[in-house]
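One structure follows; several queries about it will come next.
Every chain is named by a letter (A, B, C and D) in the order it is written, and numbering of its residues begins at 1.
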């Protein structure tokens, strides 16, 4: 499938999607609400994207971006799906019922960026302690990989 | 005297149906590090495994955000410390790809040879540790004898045995040791003569086979869905060798086979790794005499600045697909860096493959997943 | 010729000459107890060192080599360390049973010492049901292990103890059948009779293939019964950390450790008695000169040599094989060892009735 | 048929075990194969690879001169803040002011032996030494000043 065909196919599924071809792979930016149906179709439909090899989140200071790297073991074509999230109340639907690997990856993103995955079966902290450290500002949230995260004890500024 | 009810209450802090919850780890002989598994048992049968991670979490991704593109390579050695050279290679490849740095052929050849040596060293350690998990102590020492030769080669050439940090963007830090080729050839002869020992002691052993055959079966669909890569997925028949699919460095010039098994059980994973060692030897044999003369490092700018954008590279470590995802804002440090570590995805399949089997099978399943905890926690 | 028989006889004579019979008997008891305890201590030290050296050489290592010449006093140093260590008792443990368990395990080892013939006419108690006594007492060690596992109030310990229970109870059977083959061949349960029957050749040579099969079965079964690798499921350090003695430390742990080695010694001693003629020297048919030379080697040396050979065999197993899984362990017993030993016993019975053995 | 398989099972199993025992038995009776290194005893003969990265040192020649210009390239290259260059201004007899190092402080406890400082050094003033016996009882002893007291920069190095 060429990029044009993929674009066409995805536009038919998610009309609001925008595309970016500057990188190695085709980047598709979708609305968070439109993500789940699109993902489900990518997995089961024509594209057969059965391999989610990277799921992460990027903090752009103004917003968070969920990044899903998808590939297929049959035709080996990779695409990148992105969704911009509100930084204050980041909510997106889980994809762990489509790809099982997403369960752990989403838990990691949840504790590092504070993204809430709805319908996730077991959304708990995976790596960090269950309790936030004492004396920490609860209002700001304890999301270590966000850019404005400050830890006066453990972070050494060189 | 003692209070009977008190004792009963404590040994049965458990749910319904007489389930027994035991904490395997963070200090447990079989978890090889500080992995913490909460295992729910029904008698000897495992009902559920829940990994608790983070005992060795150093937030390497956050650290890398404040390191330059020359500096962040060394940190990746500390993730999967058994294939540190390949991790470094993945990061260097990303910088080279992003900045279009030309790497001399000599550096490429040496990088591949060292990568394969690292892979053998990692599999050797795994073989010993895996046999030890199943109760056979002796293969550990035999495997380490061969591994020692590799670490000696690494020490001579790279200056360190485990965390080499031999790769810089554009090539290598310095040229190989004059004895490098001789020592690698000596290692190949030694390895080939000793491979039968593992067959006698481990592979053909009836106890070992009965412990691993049909244990921890992972189907191909599940392997893909769980994002398993490397020997774990290849044992289930999923072709996922990055060296074949997306060749980097000189892997497209050498002949080797992607080892595929179809059974998907622990024994298949074992066989894949053992055969992979032989394939690595094959690659090294093809390259060792043909290292081209020339520079060992290409021309780079003093200060490396990745252009604005997103970059992703992947390499095949001993454990599977290692991916580096960098979001650059055009500065000297990455804006966000994400390491797709193979161990993390492989671990997520543990509950699936080990639930329903015995405690002894958990050791076989866990051992053949080849978990390296710093790689999982990062 | 050096003989232990002479020493015992003269000591007994002297005691009975000096004291009244009751007193003399009591003093003999004390001497035997002291000897048994010191034998235990020495055996523990020697066997632990031997195990470490055997393991080291198999694993292309040197093993202990710092304390004393060639590391000879390493175990002494280790024992000193263990004695000085604090013996912790877990908070919620059943203290009484927890403290009792190592002694129960040790006691079984001591009881088993009674009918063993260490040399010619050198035996604590030549009971006429010796073999029966051994097979019944040796299964008692499971009580100590279960006690330890339960009283520790640790889930790993409990799992280990339960495994050990299932294991010892089932392997008792094939060990018993292997012993029975020799009893059938000899026609006696008395240890001295069994040894005497092997004067003109050991049972392993005289008894044709069934005796060899019985010996193999016996070695496998006793390896399992003493919780040694590849059957060390009760400890299984990669699965259950240390199994039933996870919570033990200091001297109580040392007692478990010692008991393990004592049990190995005893089962090997019994194996040597049954299959290799105990203290009987190697005699080959009518090679009179050869047999005469063999007779010059003291009987105690013969006995110890055979026993240590079997101990080495068991250690060799441990450092070669992976561990079995718990269900495979029981499969091995019920599907392989037990049918084979039953069939073997039948074969031996036929041989014994028809008198086909030498 | 069943019996045949059963017996074959037993025979194959036992023979595979015997093969393994033959291998371990071989090593038991061949003490020449032992690979133990008796470390503190073999210190005199222990050969470390000359490239081994054990610690950063600054070679001084017979005149107690080193090659460090105090350019702080190593300090910038270090990912961990291991090296701190303290500079001073030396006044030469002709009255010219020249930058020179006062102290090159090296904190071994922070060093990861990544060799980046050595590569970065333009005048090859520092190098890695194959010394690995670093244990001390007091952590402050791990903070070292690499230039020897009274040393000065070698002539002709800019």
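Assume contacts are C-beta pairs under 8 Å (C-beta built on N, C-alpha and C of every residue); 3 or more make two chains touch, one makes a residue touch a chain.
Computed from a prediction, not measured in an experiment: that's the story for all the values here.
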item	value
Shared interface partners, meaning chains that touch chain C and chain D	B
Farthest chain relative to chain B (centres taken as mean CA coordinates)	C
Geometric centre distance via CA averages, chain C-chain A, whole Å	63
Chain B and chain D, separation of their C-alpha mean positions in angstrom	24
Euclidean distance of C-alpha centroids - chain B vs chain C, Å	44
Multi-chain contact sites of chain D, meaning residues that touch two or more partners	17, 20, 23-24, 35
Overlap residues in chain B, where contacts from two or more other chains coincide	138, 145, 201, 205, 207
In chain A, residues with contacts to at least two other chains	158
Chain D partner contacts - residues on chain B that touch it in the complex	67, 70-72, 74-75, 138, 145, 148, 152, 155-160, 163, 165, 168, 173-174, 177, 197, 200-201, 204-207
Interfacial residue positions of chain A with respect to chain B in the complex	22-25, 27, 50-54, 56, 58-59, 67, 69, 73, 76, 80, 99-101, 103-105, 108, 126-129, 144-145, 149, 158
Parts of chain D lying in touch with chain C, wherever the complex brings them together	10, 17, 20-21, 23-25, 27-28, 31, 33-36, 38
Chain B-facing residues of chain C, complex	55, 58-61, 92, 94-96, 153, 155-156, 158-159, 163, 229-230, 232-233, 236-241, 319-328
Partner chain C, residues of chain B touching it in the complex	1-2, 6-7, 10-11, 20, 22, 28-30, 41, 44, 131-138, 140-142, 145, 201-202, 205, 207-208, 210-211, 358-363
